């Protein structure tokens, strides 16, 4: 049994093929941003309050209008069957069990409808070159009952992830992009010295999106709209103007532009100007990290890799339970009865 | 023979069971705050003065009105019999020998009256769910001649200390909470993957205290009142308003909210607003550290773990003698005749 | 096949004699500045923009009026035959292939005319004691079709490079300063505990140059003039006043004054006051590094050692291709269509 | 042959007894200040100037009116016979050879008159409890032709140097305090767990000096007066008011108050207020370090340990030659013709 979310990485590493482990763990370039996500979070101090009369803190909240047992959603992550035979279904069930939203990736290895049946979900959209496919995905997500649409804007092309390049990483035959027509793709064709997943992305994704396209989506789709992958406050303002209900301050877990700031370091400036809800991801690993993000102004966080590691050892629900417990306890120790109280805490940098 | 307080940890580690060693040494979560306590103290520079005509500095002072041979008190620490058969008695004797106050923990493994007979003591109060027990403890402390009441406010629940969780740490049968009715408790019942001490705390402590409760104590108790576990200046002000004579700026030695600031980093802001005496603990390991805290505005410090390590090798008095010598020498080298002079030194961060 | 420019150092180290490897890799003194070049670049964050509608970024630009397929030129580096039998010809061909300028060192091991025939080149001038040789070099560069004259001003004497001193480094007989009369020099005569290359430089270079000399060159030479080796903004201003079209902010790859600032840290202040184009070198190793320099105001960079390592394994063209790909991708991920857009990105220090 | 001053420590460590090596190398307490002396110097950047027309920089200067071939004096260091049979004579000869002042320690192992015969010297005074001895030392120094009197004020007692404590360090019989009556002292009597040298100092030195005593010296002695061991700008002002011609910003090489700032970090504030010459020591190891100190406002530096290491391998003159070469070259690379030019360079912190 794990005693912290970090433990799952160790445990999963014993089981997973090295290529898969690296695909999940890796970042882009020299992984500067990947490492900085952690060092920046570690440097944030949160000053607890005392004697506030809290007996049992309530970590529940609403994220984008969706009720959530804690201010955490499962980050959209592609191809979850890589780490567990049940793929997305397993992790969605764990999210449902924990009472938090699960974000379905465009590149899920199970059909979005199947996943949406398991939990409160949001649908994450990658913009495909084929606009009719985009329309179809949005419609399917609405019909499947997804509660929000999350448009990921930081992947015009995939970041250069050297681990995958060195491993000539490709998807195993049984893991497919289940939502796409022609699910077997370049992602399954190994090329020495290249990432097949990146090759597929390059051919399938539309790289040249603009705010006009986002407005088009805004008109096209009734669901609350979240723009994922914002770091510059100017873009946060654009997102709100284009009609987004929320942005996710994110560097994609250090997987896109190496050299981008840690998302926790970018958060406060975005919160200051954004006229919308602000979520954060990239590097969150504990209840204390959630507290840090909330204290710096986020309304919630997405959490990615730790849940894949946990899932690999059949412990995703346990991991989310642990995170809930950690956050509840951190709130207790910080004297916060509610998620709103956390925003009143003083933060610093050590 | 040890030449610095840090040496005792090495020496004691050879003797103590691993579970006990970890219980004493450990912090909560990923131990960020535990480590930062040291790195932050190490970063504080104190600029010495010269030719001040000091021939033999006098480290003596008053802490909360109690005369003290140096501006140091022994921090309240539970279950001292874990490290020495005489438990609290041994460490209280060493404090008496060194001429400094000894703080008796609510969770002492010897009855508070026995300990109070050995030294000038203060009594540390954890708020138990059973308010009649709280009243009884306060009364007993007053009657036993304790010179102050220290209310610890940073343990609504115990921090998640992963070492204890991983060790499934429980108290040995012979070590009990001697001041409590029903001294044998959940703390003695091992549970795999959990800290029995934390379980006991959760069931015994009242988590939802407020400033009203502190005011109730203030009315109930004639002794000088100290609030231990303050990091936010707003809380220091509340404490003084509620009638406390002093606060202890403390993160509980990095054992409660992981991610809290180092207490030395929180000190100056508290000193600035507090209308009362300000003590500090968490990480103090040498005469230079005492000097750092005084130069930043504390009137004194509490010292914890090093004295348990020393006690484990029957050297608590020696350790306090060493600390006195170090502080006296540091004052000498800084050109300070008295404890008050130290507050005039310039500090910096390296 | 390498997946990042850093890989070439490992690969080349297997092939090159230790003395040559150290001559290339080393810096001066305790190599503080050498290390800082990297740590300072790593600390620069660049905040990407999103949804800018870029489909295929164009990294092409003009450097000093010379068209360049990306804002990168090959730094002038002496004696390239040390790492490859074709010497400068091989690297110039790679530059031509990549569509970027190649800077010919005064100390090239092939005659400048031969090199200039292979690529768009600039000529780097070291000031020799014999002024008629300087005149002749300038004339030869003009006649050979070099497109700019780069005067290196940070080598009045060679920095004390301890690796070369410890290796008693000397040039092998077949590697000569092909542009100089009497190409076989002190650089070929080993002296225990000394760098023969430094000895040669000391005897051949004129150490006491002044801005008057630069003005003399300005009058003497029709080509665009670049002053290489500027760190102080006051000197950047002098350079522009003396008629230079550009300066290179550079600490010579940490090989001259140990203790000098990282060039990336010196860049912004130079850009602010310089009335001319500003290039940068020293430590650039990736597309992200180029982005960092551009975002901080450089119009381009020079890149040195990585190309020698790549050349040693016959992969200089590959390396430049990789760099182009990295930069294009970094621009894409940062939402930049053109090199000019990069200057609008926000930078920070982590 | 060494290629940097640091090399001598390695070389000497092979020869010297461990106790002596530690006595020389060690600092006080946890050696925080000792380490910081280096890390702070390493962090200082100096921005070179170019094209200043310097052909051969002149490092010569005057220190306290004494002509010096470079802005460096040999720091006063006790008991030099510990590392070389000729003791102080050997190092004084090296200083004379290098053309720089040698500072004779009160605790020299050869009589001050013998040392003064070998070089331009200053005399360093420790205040002995026996004031008649102090008077006699001052008179002897004047008569022996010492050119300045340096009063060390940061040793009211010796810092607690744990290496010496752990080694129970004592002087070998043949090494004595040759200037003192009763040269064989407590310093020769080993006590387990104590430094015999510290014990001797405690009994011989007068701890309670004040500015009045300095004024007394000022009246008593015709030589230029230097106060060594200043870190607080307020003390620098006092020193000038008491009639000192100079102060040495120094933390005694990290051997006195552990936790004191690095002397290079304390320098600028002292320079700003001091109405006198300002020297610096503690951690200087290279020509670049000298440049750093001068650029931050010192008129010169003292250098300690590296010369003992060099002396131990009969290379003190070589070491000083190396330092002169390094400084001359650093000046050249920074574009400085004279020591005064160095003060115009821009400094920063990396």
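Every chain is named by a letter (A, B, C and D) in the order it is written, and numbering of its residues begins at 1.
In this section, a residue touches a chain if its C-beta (ideal position, glycine included) is under 8 Å from a C-beta of that chain, and two chains touch if they have at least 3 such contacts.
Just so it is clear, the model here is predicted, and its values are computed rather than measured.
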| item | value |
| --- | --- |
| Given chain B and chain D, the chains that contact each of them | none |
| Most distant chain from chain B, judged by the mean position of its C-alpha atoms | C |
| Superposition of chain A upon chain B: rotation angle, C-alpha, nearest 5 degrees | 90 |
| Copy pair chain A, chain C: interface residue numbering same or different (half cut) | different |
| CA centroid of chain C to CA centroid of chain D, Å | 41 |
| Whole-Å gap separating chain B and chain C, where each centre is the average of the chain's CA atoms | 59 |
| Residues of chain C whose C-beta touches two or more other chains | none |
| Topology of the chain contact graph, where touching chains are joined (line, ring, star, complete, other) | ring |
| Contact footprint of chain A on chain B as seen in their complex | 29-30, 32, 36, 39-40, 153-154, 156-157, 159-160, 162, 165-166, 192-193, 207-214, 227, 229-232, 234-235, 238, 256-262, 265-266 |
| Interface residues, chain B side, partner chain D - complex | 1, 3-4, 6, 42, 44-56, 286, 288, 291-292, 325-326, 329-330, 332-335, 346, 348, 350 |
